[in-house]
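Handing you this structure, nothing more for now.
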Amino acid sequence: MERRQPPQTEEGWYVLHDFRSIDWDAWRNAPERRRERAIEEGREYLSTAESVADADEGDSATFAVLGHKADLLVLHLRPTLGDIDALERRFEHTALAEFTERADSYLSVTEVSGYMSQEYFEEGETADTGIANYIESRLKPEIPDTDFLSFYPMSKRRGPDHNWYELPFDERADYLSNHGEIGKDYAGRVTQIISGSVGLDDYEWGITLFGDDPTDVKELLYEMRFDPSSSRFAEFGRFLSARRMSPADLSAFLAG
Amino acid sequence: MERRQPPQTEEGWYVLHDFRSIDWDAWRNAPERRRERAIEEGREYLSTAESVADADEGDSATFAVLGHKADLLVLHLRPTLGDIDALERRFEHTALAEFTERADSYLSVTEVSGYMSQEYFEEGETADTGIANYIESRLKPEIPDTDFLSFYPMSKRRGPDHNWYELPFDERADYLSNHGEIGKDYAGRVTQIISGSVGLDDYEWGITLFGDDPTDVKELLYEMRFDPSSSRFAEFGRFLSARRMSPADLSAFLAG
Amino acid sequence: MERRQPPQTEEGWYVLHDFRSIDWDAWRNAPERRRERAIEEGREYLSTAESVADADEGDSATFAVLGHKADLLVLHLRPTLGDIDALERRFEHTALAEFTERADSYLSVTEVSGYMSQEYFEEGETADTGIANYIESRLKPEIPDTDFLSFYPMSKRRGPDHNWYELPFDERADYLSNHGEIGKDYAGRVTQIISGSVGLDDYEWGITLFGDDPTDVKELLYEMRFDPSSSRFAEFGRFLSARRMSPADLSAFLAG
Amino acid sequence: MERRQPPQTEEGWYVLHDFRSIDWDAWRNAPERRRERAIEEGREYLSTAESVADADEGDSATFAVLGHKADLLVLHLRPTLGDIDALERRFEHTALAEFTERADSYLSVTEVSGYMSQEYFEEGETADTGIANYIESRLKPEIPDTDFLSFYPMSKRRGPDHNWYELPFDERADYLSNHGEIGKDYAGRVTQIISGSVGLDDYEWGITLFGDDPTDVKELLYEMRFDPSSSRFAEFGRFLSARRMSPADLSAFLAG
Amino acid sequence: MERRQPPQTEEGWYVLHDFRSIDWDAWRNAPERRRERAIEEGREYLSTAESVADADEGDSATFAVLGHKADLLVLHLRPTLGDIDALERRFEHTALAEFTERADSYLSVTEVSGYMSQEYFEEGETADTGIANYIESRLKPEIPDTDFLSFYPMSKRRGPDHNWYELPFDERADYLSNHGEIGKDYAGRVTQIISGSVGLDDYEWGITLFGDDPTDVKELLYEMRFDPSSSRFAEFGRFLSARRMSPADLSAFLAG
């Protein structure tokens, strides 16, 4: 059994999806003064994170999560794991944290691979500007300013019949190229951040999709499910849906 | 491996199944005044939701859940995810919420697909009124006024032997058409709301069945299980059973 | 792929397995007066349920559960889901409930199927008295007065190789007939209540076995495991073991 | 599909693996007097159980569990399920129980089968003394006085390719005979108690291994994993590791 | 079906991955004095463990864990399980423990096997010094002083198509030799501690990878995933990521 050629990868910013549940019982029972302080400190934490005051570069955004799995998602992208670690722990020292529990999280790092950008990996810094800009936009993505977010982790199957990791490189590249074509039909409607998590968290990738209309995201993913890259090789984890909110909305969010 | 043709879909109202457990210990120990306020605010929340005072259109209904998984189900259908989000959070600000925990939830959106209604998708607005009405009733369904509800999420299999997403379109359409025939035998006894959840929640669809006699629902699902569309391709999640209650019943419900 | 013929079924009483854990810490710390009230109200609830004072017919029984999964099992059979719902909630209003948590539950309905009793389904009310009595005893079973109970839910496999729901009717009937033969060897030692739960709970059936000697139940199930109906087609859920107790034993049960 | 011959079995003592977690927060904060009482009552419970003062025969032993799954294992073997039930509940009435939570448990019964001891089952009481003694030592085993214990539950596979329950009797007997040969190489270093749990708990058997050197247990199990009886047919549950302690060590155990 | 030859193994130090969550609510609300004492006792516990004051040999190190699964990882290697047990319990008696919960753990023992070092196992003590030193460094590894750690447990597949335990010895040795070659390309960037856990914990091995740059670890594991030893035979458990911290950092860590 011969070993298959892995793609080259380049990594950019670390990504933390930090899901929190509000302890609504504690919130309802808290005196006005504690609530005000929680809102104030929470807003300041979120605003400061979104302004990336803690690092040279990166991005952060806040979301309200639908359903029972969580209430808040704070999404952080930063150049180092130390930045991410500091942001995660700093949250715990706000008065808002007293009203939240960590419900879920996902750790990953933005990634481009040689499947997509062989030219870039072969030519390195001499690659043309278009490609370099494209790579840069994937490694250091700005969080799109859209209303809806869908997050899920996934891995590629290693089953006896369909084993992604035993396909020849070119076959994998073809699958992914066709897969990417579907996404292009949704340009302007759905944007994605793909981050790798092998060795960082339980699945191999985290996928975060952004769009103003949730049904665009649904249709894109449904269409992709018929593509062999998904129909045959994808193992999906949990799905979390959220709506973008500004730190200034925190008060309204907590007021119900 | 060629990519299979996905069905066209059209989406209607967003659907939240909001399952809550009663904290019976807190309830028993609460002073009469807090209980009364909880019942009053709970009833008002439920009545207001059921009257759809918060949106131009939609529907809501309340159910008592059997077994240990939850006690209450509040089912909301609304035109936007923002409406759903507001309803979910507004509940937390009632005095009733102090006696509940979120036990489970499911987020989806009503859906019709081109398998069933190719004519509609091909002809669009020129389709005849019968079809248009049928589509409308699936996208903007009224919650049936029946005693019993059964909810479960499901996905279609993507196994090495039986892979729904690698079947030709016509084969899938045939399977679903035959599947639908079974349902017709139960017309007047069992009604269903089918909603899609790809990218919204952990499974691909949420199925909600309504009937006055739970054994009608059981027999329908058992019969369907022998249909290849289920026997070969269905992956079922958890099942929750509930009985319809009016917001006015809340006091009796909590009184035991 | 042709659709297979489902068996006809007839349903009788609804069944709730209501598993509760004792909060021993709260129990130990409670003042004598609260304990006495808990025992009194608990005993009254259980006695009243066992005397079926709440409905025209049915049966209830109480069991002490072995191991960490639960401490008490209250088993209810009643003609309507409303009866079951009322019993479940009424428990929460006893002083005993303050010392219990819901640990698990299973909802189902007694069932006879056309595999076993084709004659009955074909001839309906004209079937002879022996069959009618047999059917009646399965649909409206008295809970056997034995020391030991074993409960587990199960489903039939729908795998690519062995798919119960794609077998011809006669093959399924043969499998089940042979399976039933094993049980006959244990007549007088092991009694069973089989209830269907398609659309009601997570598995397709709930199986409750009763016997005075737990090793009789173990031997029956072990022997059945070699029967193709189990070896090839059964998917088992969790198993819970319990010992029958009378409501009058509640005080001793709680005293340790 | 013909039904395979099950082995005859004979059962001995019931076995409860009762895993408890210490609530260290409560322990640290408890006043000295409550701690002393907890140690005293705990020690008395454990000593009394180990001396089998509650029944005609049986055995009990205490272990400190490694890792986060539990802290204490109390292992009980007794002739009746009633004995086991009483021991489990009696623990809850010691002052030690106030500082513990039930973390896990497993219920089973010692078993010998006709695979191993056909002669015994064929000849019954006329079997020679050597066999009778061997059987007795398996049905009524003394808990070995060794430093290390490893416990795990397991079942035999019923997969489409490898299905233990569809093998001919002789093939199963051969597999198990070869499997047993491996154990013999570890005589004096590793001792085992095998107990059946079909109908009693979630898996089909509980395996408890004893040895002074944990690497002997590891090597035995690793070696067995290459034996087809395991490599092809075993489905393992969780593994728990523990170290023998005497009831007199309880004070030191809790003192850290 | 013939039984396959297991590799010889030699075991060294026992390994405990002790994952703890900080109870941030309790921490925020604690008076300064209790916090100071927690930091002081925590620091002393960690320093003492890292200096291996409790045993003749071994190693310990402290890490901050990313994400919601845990906050702290204390990694202990010691010659005996008694040492490990004592360290685990001693932590509970520090004032720091009052602010932590056990979130996860993994028990294993360092291991070298005959696949890698046949010469060593054949020649025993007469093996040359280079091999002996290599073996020693695997059995009694120093915890590398790097910024990043990734831990995951894993087992080898025993599926009907790909069954590691039914491969001939030489084929397994070849697979692992090729697998090891990949690691050599990362020498100086990624170091690993491989420990066996058959009979000790739920998987067969625990893998702990160390590096200053997390993307080196990610790239190594991604590359290995294409190697048949992983692509075909590996079953991975959860992944936990952490950053090295010194006991002296505890105060800063808890201050946020």
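Note that the chains are named A, B, C, D and E in the order they appear, and that numbering of residues resets to 1 at the start of each chain.
One rule holds in what follows: a contact is a pair of C-beta atoms (placed from the backbone, for glycine too) under 8 Å apart; a residue touches a chain by one contact, two chains touch by 3 or more.
Bear in mind that the values here come from a model prediction, so they are computed numbers and not experimental data.
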Could you tell me which chains make contact with chain A and chain D both? E
Per the C-alpha centroid definition, the whole-Å distance linking chain B and chain E comes out as 46
Need the CA-centroid distance for the pair chain D / chain E, whole Å please. 28
Please list all residues of chain C that touch 2 or more other chains. 160
Viewed as a graph of touching chains, is the assembly arranged as a line, ring, star, complete set, or other? ring
Touch as defined at the top gives a ring of chains. Read it off for me starting with chain B, then chain C, then onward. B, C, D, E, A
Which residues of chain D touch chain C in the complex? 1, 3-6, 9, 11, 14, 16, 18-19, 81-82, 84-85, 88-90, 92-93, 97-98, 102-107, 109, 158, 160, 163, 165-166, 196-202, 204
Mind listing the chain A positions that touch chain B in their complex? 22, 24-25, 27-29, 64, 66-69, 148, 150, 152, 159-162, 178, 209, 214-215, 217-223, 225-228, 230-232, 234, 238-239, 241, 243, 253, 255-256
